Structures are given as structure tokens and as C-alpha cells.
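Pasting the structures in now, so scroll down.
Each of the two complexes below includes chain A, the first together with chain B, the second together with chain C.
Presenting the complex of A and B:
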């Protein structure tokens, strides 16, 4: 079970600004997948906290934002970051949904820039690198929600900071779910820039 | 409409005066009823979803906010509930309702295709504008796929997504992540090809069968927003109402 965390991730060719149709549409579908998953997650979050904490949502968001930011560059990162807020605002899923534009972008944009800066050309990230990059992006992600808790919900600063720390734990756990998913996606052949291992060809 | 949302957001976020918040909520309800012909019963279920959050926020405010003169509404053990906290909680509740209703009003009165057209008018490249209406068009398809996956997983013995246990429900959602992502990426390959064949990447100037422009209702709304902003600024700077945020 833990073997996958010890293996280096298969490599892919990182592009900062892809504009090909496949990348754009893939990013839109990742954004839609995130929206649908969050519609379920937000109902669960409402059940235990009335919508004041987003613990299940925090577990799910990186599963869609990581592939988008890492495989489809800044273009994919922004598309995925903004599809969910558009739908969330149109369907009024949360009173804080107008902050999701900033929240999601503050996760995906630093993430994709860190991948651009630190990804080795000849291999993918190992788990530790992946964990650190995700956690740093997570530090920025929840900041607008914390501001929203203080400015919109008038929550005391100590309560808002407690929420911030709880969400960081959520991002830490999310990396453990996200890494195997990214691993499998890279091996599935669905990521156009993935460098798949050479297969043995049989000749007659 | 977007301008109206921004103006309203500014005022609901800078005050917690209960009569003013109630007036704003009533104003949004009236505008929706009279200009958009949407009665309250149509969006009441959306507002009802915020009741638990409002209840939690009100309770939290009642607990953390000290009462004037040590006069508390109730004492439960060492926890004391102040009337000031309840008043602030009530104002926050109306703030949340007003914000939610305004966002919902945007969805109820705006055609998704018009959003793409408006973005095109702002000289954003067609290739990116189209993605807005494209996403809204394909959302029901992805929702159906997620529902099918959840059912298929629960039939195979995975945690029940409709369970009342939040941990089981969270596990059910986590289990569908990989198939949902793989299904989305697989579908995007075919759709991208189909779109390219229909000239999605063609950069020649485009014409549109629908055009958007200002209608009479839009001018009325603009006038209303201006009047509302002027009155609110007058109240704010004349000191008639105490505008302050509570932190």
C-alpha cells in the first residue's frame, strides 16, 4: 500500500502556458469534476459545521487542482480555479462563494509556478517534494476564507486562525490521497505530456 | 447586475446595523419580485440551506460577545449568552441572506450564454469566453456521471454516499475521485477533437446569432443601484446610522 509513496513519480513535460484545445477542455472537465465533488463535499461540511469549516472540501480540492496545475500549466490552473467559483456563485452554494475565485487561484497559481521553478526535467516529484509543494500552496489557499470568516461572519480572530490551522491539516492529508491519483493518471496515458516507459515491441 | 452586486457587497460588508440590513434584504426581494418577476417561494429553498450556518454564527456571537452591564440573556453553566451577540448574529444572518440572494438573483436572471457574450464584448479572446458557457452546458453531464459512480460504488460495497455518518459519506466521495477524473480526461479527448473540427481554434472574426444590449429593465436597475448607493453613502457619512464592522 505504501510502496507508491516511495517510488519517484513518472515524468511529464511541464508547459507553463499551454493553449491547445485538449489542454483547455481537459482543464474545464477537471474544473467540472471539482465542482461536482464539492457540491457533495459542501453538503457534508454543512452537516457538521453549518458551512463554517470546509474540511471535506479541503480534502477534495487538491485532487483536481494538482493535476490541472501540474499537467496543464498556468492556463489549466486558472481554468480549474475559476470554473468552481462561477458555478458556486450562480447556484449560491455558500455565502463565502465570492471568495472562491481568490481562494482557488491562490492555491493553483503558486502551485504551478513552484512546479515550473522546481520540477526536475528528467523525473517527476517524489512524495516528499510533492508534500512540501502542496503544503506551501495550502498556506495561501485558505487566507481569503479566513478574511471572509472575520469580515463576513464577524468571527473572532482566534476562531478564524483555528479554522486556518485545521484546514492546513486537511491539506496535509489531501497530499496522501493526491499522490497516488497523480501517479495513476500519469501511467494511464490520458496526460498528453506524460513520458510513458518504453514498451517492448514484438517483431515477427 | 454585476455592478449592483459589487455596490451591495460593499455596503453589506461594512455595516451590521439591523434595520439597514433588513431594508437591504427587503430591497433585493422586491427588486427580484418586481423587475425579474421571481416570487420568494422560488428561492426559499436556497436561503433555507443557510439557516444552520446562521444559527451557528448567532450562537458563537452570543457566547463570545460580552453583554453591556453584565446583563446576560441566559447562563448555561459557565457559558453566558449576551443579547448584543444575538443582535449581531441576527445582522450577520441578514447579511448572509442578502449576499446569497444577490448571487442567486444573478443566476436566475442571466442566461449563461450572455455571460460568454459579455466577456467577448470585454475583448477577452473567444476561445476563453466560450469555455464559460461550455462548462455550464456540460455540468449536468458530469453531475450524472458522479451520481452513477456513487451508485456503482455503493452497490459494490463501498461506503454509502447517502449515509447519515459524515465520515462514511466523505469516504464515498473520495472513492469516486479517480474514476471521475479519468472519465473527465477521457471525455475531453473526444470533445477537444470535435471542437477543433468545428473551427474552435480558427482566429478569424466571429459573428453571433444573439446580441446583448441594455434593455428598459436594465436602465431601471441601474437607476435603482445609483439611488441606493447615494442614499447609503449619505447615511454612512452623515452619521445617521452607525456604520462599523464587528471583529
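Presenting the complex of A and C:
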């Protein structure tokens, strides 16, 4: 079961601004998938916390945003980051939903830039590297929520900071789910620049 | 009559201004097109550049959050305002993306 965390990811050629159809369509579908998942997750979050915590959403968001940012560059990152907030604002899933433009972009854009700067050319990330960059992106992601909790929901500063730290635990746990999913995605043929081992007999 | 007399001069000035702007845009694009790949090849400059861009982006996004579309009560007007701002942001991104791909195609 833990074997997958010991394997570094298959390599892929990172492109900052891909323009091919497969990348764009994959990114749009990831965005739509995230929107559907978050419509449910944000309502669950609103039900138990009144919109001050997003623990279920935080577990789901990296499953869509990480592949988009890492495989489909800045294009995929922005598409996936900004489809959900439009729907979340229209359907008013949370009192802080207007902040989702900032939070989602603060997750995906730094992530894609970190991949651009730090990804080794000859291999994919191993689990530790992935864990670190996902956590840094998570630290940036929830920053606007602190302000939102204090100014919009009138929560005390200590409560807002506690929420910020709790979300980091969520991002840490989400990395463990996201890593195997991205392994599978790389092998699925949806990443045009994936460099799979020669032994893999993949047809799709 | 007065307008007719002024027209050629005005037109000439307009053409001169448009040419100047086009030349400036071309020079800036050529500079960016040459400087960015050169910076990207140096690992230290690349990492520092990425760090600076991330910090600037975070500041911009926080600024966006600190001046929110006033929807604390989630009223209808606030939501539509937020959606309009979101649409503007997305359209700006798409425009930038279009310009980038156009410049790439021209360079090829």
C-alpha cells in the first residue's frame, strides 16, 4: 500500500503556458470536477462551521488543483482556480465565497511557479518534495480566509489563526491522497508530455 | 469649414501617435521575449524571479481580498458585483493569454 509513496513520479516535460487542446480540455474538466465536488463540500463546511472552516473542501481541492498546476502549467492553473469561484458566488455556498478567487489562485499560481523553478528535468517529484511544495501552496492559500474570518464573520483573531493552522493539517492529509491520484493521472495518457517507462504498455 | 481644415492635421497626429505606441509595444515585447528566456536559463535568477512573482501575486490577491465587493451580508447586489469582478479578472487573464500566444506565433 505504501509502495506508491516510495516511487518518484514518472517524468513529464513541464510547460509554463501549454496551448494544446488536450491540456486545455483536461484543465476545464478538472475545473468542472472541482466545482461539482466543492458544491457539496462547501455546503457541508457551512453546515458545521458557519463558513469559517473549509476542512472538507481543503481535502478535495488539492486533488484537482495540484494536477492542473503541475501538468497543465499556468493555463490549467488559472482555468481550474477560477471556474469554481464563479459558481460558488452565484450559488452563495459560503459567506466567504467572494474570497475563493484569491484563495484558489493563491494555491495554483505559486504551485505552478514552484514546479517551474524546482522540478528536476530528468524525473518527477518524489513524495517529500511534493509534500513540501503542496504545503507551501497551502500556507498561501488560506491567507485571505484569516482576514475574511475576522472582518466578515467577526471571529476573534485567535480563532481565525487557529482555523488557519487547522487548514494546514487538511492540506497535509490531502497530499497523501493527491500523490497516488497524480501517479495514476500521469499513466492515464491525459498528460501530453508524460514520459512513461518503456515497460508500461499503455493504450489510451 | 474649420473642422475640415483641421482634419488632415489631426489625422496626421493620430497616425503618428498610433505608430509611436505600436513601436513602443513592439520594443517592450521584443525585450520581454529576449530577457525572459535568458533569465530562465540562469537557475538562481529563475528561482529568485519566481519568488518575487509569488510574493507580488500574493500581495495582489490579498489586496483584492482587503477591498472586497462588500458582500458581508451576501445580498444580491454584492454577489453580482463579485461575479463581475471575477469575470473581469478572467477576461483580463484570457486577454493576456491571447497576447502571449500571438507573440509566440509571430516569433515562430
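As a working rule, the second predicted complex is superposed on the first by the 197 of 204 C-alpha atoms of A that agree within 3 Å, B and C clash if a C-alpha of one lies under 4 Å from a C-alpha of the other, contacts with A are read in each partner's own complex, and residues count from 1 in each chain.
The criterion applied here is as follows: a contact is a pair of C-beta atoms (placed from the backbone, for glycine too) under 8 Å apart; a residue touches a chain by one contact, two chains touch by 3 or more.
The structure presented is a predicted model; accordingly, all values stated were derived computationally and were not measured.
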>> I'd like to know which partner A:177 touches here: chain B for first, chain C for second, both or neither.
In response: first
>> According to the stated criteria, A:152 is in contact with first (chain B), second (chain C), both, or neither; which is it?
In response: both
> If you count the residues of chain A that each partner touches, which comes out higher, chain B or chain C?
Replying inline: B
> Who does A:144 touch here: chain B (first), chain C (second), both, or neither?
Replying inline: second
> Thinking of the overlay built on chain A, is A:92 touched by chain B (first), by chain C (second), by both, or by neither?
Replying inline: both
> Is A:166 touching the first partner chain B, the second partner chain C, both, or neither of them?
Replying inline: neither
>> Output check: A:105 vs chain B and chain C. Expected answer is one of first, second, both, neither. What do you get?
In response: second
> Does the superposition put A:47 against chain B (first), chain C (second), both, or neither?
Replying inline: first
> Which partner does A:194 reach: the first (chain B), the second (chain C), both, or neither?
Replying inline: neither
>> Show me the chain A residues, by the header's touch rule, that chain B contacts in one structure and chain C contacts in the other.
In response: 19, 86, 89-90, 92, 95, 97-98, 151-152
> Contact residues on chain B for chain A in the complex?
Replying inline: 9, 13, 16, 46, 49-50, 52-57, 60-61, 64, 88, 92, 95-96, 99-101, 103-104, 106-107, 112, 127-128, 131-132, 134-136, 138-139, 142-143, 145-146, 150, 161, 166, 169-170, 173-174, 176-178, 180-182, 184-189, 191-193, 195-196, 200-201, 245-247
>> List the residues on chain C that touch chain A in their complex, please.
In response: 46-47, 50, 53-54, 57-58, 61-62, 64-66, 68-69, 71-72, 74, 78-79, 82-83, 85-87, 89-90, 93, 97, 100-101
>> List the residues on chain A that touch chain B in their complex, please.
In response: 19, 21-22, 24-26, 28-33, 35-37, 39-41, 44, 46-52, 56, 59-60, 63-64, 67, 79, 83, 86-87, 89-92, 95, 97-98, 150-157, 159, 177, 181, 184-185, 188, 190-191
> Contact residues on chain A for chain C in the complex?
Replying inline: 17, 19, 75, 78, 82, 85-86, 89-90, 92, 95, 97-99, 101-102, 105-106, 109-110, 113-114, 116-118, 140, 143-144, 147-148, 151-152
